[in-house]
């Protein structure tokens, strides 16, 4: 496959050179009315979030402050990669300490969850470094395609890509912050209840003592003071941010691709009822191939991110589902448990639903083709119609599965079956809230 | 996708205007022989059941007494919506009381069933309000298509749509009433056996005391008298009616759509062996697109109803399946248990089998096309043939799954696998009939 | 769908009339060389087995001794139907007695197996009565198609249909008889071991006492003597015969259909490299449609038999699989257990593998079409090629699933998963061989 | 199907004769520059590994030292088959001894693993004998196709087939040797810990005593001395070699086929933008048919090997997965357990991933066809395009399942679901490390 990918990349290189020429020309033309920075490109939509991600060492790219996508590159010697290295180091230490504790105590289903969370975090950081390396190979053709599709004959969308992306991202992050705050609140409440029931020394029920237990893996190496507590909060927060960012990143990419397919479908729809010469159909078909090639390029680079993200989400949902019939101690535990389970399910569904729109949008022109009158139906239209149906267009996890509604349903059905089994089994086992 | 839906809706709007013109013309022509009210439209078939549903606050539409589908609209200020609001209020109170009791006792697999039943009821009422809002957008194109297909070149079906619908609905409702009566009979019998075995005070074995326990969530708020018992019966009955109506509604809609596809296939079949000009094939193809667009419109509006209905049915079947190997107290318990399990399985299968007929009927013209002789095979026929096979036509649950025989089989296979697991596990646990 | 089926049947009726004319003509021509009875038709291949089946009241047809398929009809007043009625009565009594015993003892996973075996038997008898009713509708077009394909341009197969069918049927029946004998041998051995371990009165260890226990449901109604023991053997044997016959019947039908598709593919292969006029392609295409229509007709009539057979086989395999890790008493028990499990698995696989050949054979002409040279590739060939790929041809269980290799794999995968679960669970439960 | 296979074989025979003629001609032409032995054929790539396999009695072919594929044949009377017979005999004795021990102790999930390993080994030896019998039927068309594709118009690949195969095989074997060594190390460590904990006689903690226990099935028949220990190592090693070789063999075959499809795709890609006459398209199409026929021939002969290999791998992975939450005694046990589990998962995934490349590569020309300009799009191209999409090309297990990424995902999903169940169940059962 590597050879095939090579030839596709070569092919794209030639195209890119052509497109760059067009790009420059267009830019010159556009000097009067538009600035390049004001065009509603995908790069413009994702840039702010990439900047934020730099603070957490995710996707180490340099020159992100520049508004020109051609300036942004992956550099081995750069501040961004240094930050990433720092996170990998500190996260790695945390993971090793955690792993050590768990293997001493004996690995089991319950304590594995925390360890998997840390390992997945480390893998995600590495995956994003990998993606950053192929960043310029992806973003240049994408940007030129964006510019191509922001001028006639393509129509702009009513709502800009940027506003769509912002809407989704900000709402997800608000819920994620709520989730993170509830995590500490619920943890503290559980801790205090636990002390009250099982120990006589009630003086330990303070938030400080709780944090000392919560960040025990850090206190293992550092003295317990204000700084190490802040460090604990910050590292925990980074892992949580990364986890959310992974899903968010897939969502943003999907919105970006789906919007272009949507515009493409709109252009074909606008031709309805008109006489369309073969040359135009050929142009349209070329644009479609270009869009599909871009999607395939993005899919190749993102496959590992998509795979890890979905696998992890399914695992965490299953782990949570184990506890559905456990009687919890306090209302705040209930609130946190259900909030985080529903938030996770919703986020996972969101990833699948939005990613599935790429494929749905890629099939939309088919309906317009049905209405082409008989006299105008030529071989070129026939080939376009075949082309539309012959291939799957969308994101996938190493092409082992595709992000479609059908996959989501399969996943949900498996979860439900699993939950039904647990339901049956847990009904028989006694609930234990003993002091351990 | 919203944009695409918009453009389809616009498109349909233009078509609808044309169709309304045709409708008026046809109506004028038809004054001699037929009255509009006597045409075998889908609206005429479903109207009586919608009128009945008004009494339970389902699908709040105003002017349902009018025989003209154009008069029926969703109005915010109307008696129907008031009734719905009343049901939502009373049902909501019942649900909250029930939830409170269960969360205090600890949620488990057994007591969850009742709570889920109530919550699903509330969601269904809201879903039907949503459907009522899009009623006029669906019913106008449907009615005009109905009128179009009730005149030549389309042939009428031998059995009218109305009689088909009536047959299915009335038989299902008879079984549903039997189920509801058996529910109380079985409940009373269990209650009396329970008292006899576990308490000394046998004076409590009266139907009144049983009802007091059965409607304990109502007696929690109201004094126990004739009125509150009637109220309990009525509210319970409403939830049960709603549950059955949801499935029935999907069945009626499916029959309505399948019949039109069937008529369409008959028309194509009638052309067999004749020379058919391209213009006629184009007309036929247009009618097919129109039918598919209607189905897709209905599917979009009904997806939530279909999804909730199937999910709930599967859940209830699984819960019931848990109890297959439980030794029950009395014959009436056995009768009720098997009757309700088989009724539920049959109703769910009916929904899938009848809904799958839409897709089956949409593929029927293909067989006729195979027999078109070589000289008459033109590009237009080729396109028609491609169009028939290229898309799925039918109802779905958010396009996560489609109502087909294959989905039904998948569901049944999962149920059987689940049952096999239970069979294995229950064989080991002791059956308990102790007094709790 | 009933309307569509009607129109297909009408269509077939017209065709049949034409075919009958051809049939008569051919027969007259063939007087010199061949007798009608000596033609290698499907009817000739299946007739001996149908005659045997009459003795067990399966498929009640009259005039089966005639060699002309047109004479064989389903008659309400006939000896065959009388025999069937007798079996239904006696089998029904046995089933009711068994059900009574089980419901008194409490239904569980273990004792359910025997009851299900009896109920499935009764259902199978009824299904075959249903199939017998549609016998003449199926066998007449089939026979005429058989005759059509036994003369040029179709080539005969090297091995006759009859010899193929005989080979499969006789080998399966030999294994089935072995299974039945081992059943009694293993049962008697278990019984004697049981008595020896749990009772002091060892005089009861005789074959007579074993039979008394084995046929306890019959001894419940009749006195225990030679006659009632024979009756017990005979009724048990009939149920077992019916069970095997159901699978055998599906296999025979599949062989019959697959052979015709194979001949059809051979004919298309023979045209390779030659110039074929469009008229001939049209004839070939008509023959293919005729074959597909026949398959679809057979599938419609056999769906219930296929469904019950597969469901029952899967159920029995799963029940047997429960006992894999049980420690059995004696070697003969081991032999019987593994023999019957492997026999059952092999028989079920045979049904799927042979039935899947229909579809495989229906796709064979496609390879020949690829090699049609460019100059001879016309629209007619294109349509033939599309027709071959557009539809599924084969047997199914109510079209819920199709008898294909893929379905078999799905079934096996589910069985393996199930077995893996049991493996895990049984490892923990103690094996009990206590006296019950 | 046998008839169809016959006709395909006949067809291939005719082709082979033609190809042999071409082969000879080419060889004569090539005398100047290339020796036949230096051509990068599949036979040259696999020959060294087949020679090694001879020492373990796998794939008994004679004349393997010859560099001409036409000399290599399966002979009944040959040294290779004698070696195979020896292995079957010794392996059979080992298996019977093992089976005897297990059936006496009672078959259970744990001790079954070893027995299944031995039985699968025996089956694999027999399968390879079967494959060796059809060796010359496969290798002759393959070699001629290889030679055809090593000369223009086909381009050579940058990396030779031989180096690709060597890379994969050598790295897998290195890991396999590591696995085998760890097996003994971990076994010895467990043994010594066991003795130390449960017995007082610590003098038995020597490697000799461990081997005596490890090879107890051999010591059962032979006296315990140096020779029998070596024999034990050798027989164990052979079974392990066979197990790894089976997977390796599938991988090598897949690489060989995928490379040819890749070259084919490269040739089609090279035509992009040029005017291609219909005659050339026809030639290309013929080559594609030839490649597909070869793949189908290989698939038919390898189905049993593929089926047994996958089934066994899945079974062993599941068995290993059982022990994930068992607390092991020593670090070396942990290392062995995780190393062998990950090695097995990686090897199984490798088989699927590399085999799936055949299908992926077979679809590559489609992309080039999309770019054929309108004027050059003829019926021949259309047929080629249809041909590419109409069939599945690749290896399968009896066509019950295909070696694709999708199947791999299905397998992984099932494993994960299974693991989740175990996770839940094992959490409740006590870990036992008692002396047994």
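Per-chain residue numbering starts at 1, and chain names A, B, C and D are given in the order in which the chains are listed.
Here is the rule we go by: contacts are C-beta pairs under 8 Å (C-beta built on N, C-alpha and C of every residue); 3 or more make two chains touch, one makes a residue touch a chain.
Keep in mind that this is a model prediction, so the values were computed, not measured.
Asks: Name, by label, each chain that touches both members of the pair chain A and chain D.
Replies: Expected: no chain.
Asks: Report back the single chain whose CA centre is most distant from the CA centre of chain D.
Replies: Relative to chain D, the chain whose C-alpha centre sits farthest away is B.
Asks: Where chain A and chain B touch, do the two copies share over half of their residue numbers, giving same, or under half, giving different?
Replies: The interface of chain A with chain B is built from mostly unshared positions.
Asks: Between chain A and chain C, what is the separation of their C-alpha centroids in Å?
Replies: 52
Asks: Measure off the straight-line distance from the CA centroid of chain C to the CA centroid of chain D, and report it in whole Å.
Replies: Measuring from centre to centre gives 37 Å for this pair.
Asks: Got the chain B residues that touch at least 2 other chains?
Replies: Where chain B meets two or more other chains at a single residue, that happens at 417, 421, 425.
Asks: Per the contact definition, I'd like the list of chain A residues that touch chain B in the complex.
Replies: Those residues of chain A that touch chain B are 157-158, 262, 265-266, 269, 324-325, 327, 357, 360-361, 364, 366-367, 370-371, 373-374, 377, 385, 389, 405-406, 408-409, 412-413, 417, 420-421, 423-428.
Asks: Give every residue of chain B touching chain A within the complex, in rising order.
Replies: For this pair, the touching residues of chain B are 1, 3-4, 7-8, 106-110, 278, 282, 285, 289, 318, 322, 379-380, 383, 386-387, 390-391, 398-401, 414, 417-418, 421-422, 425, 429.
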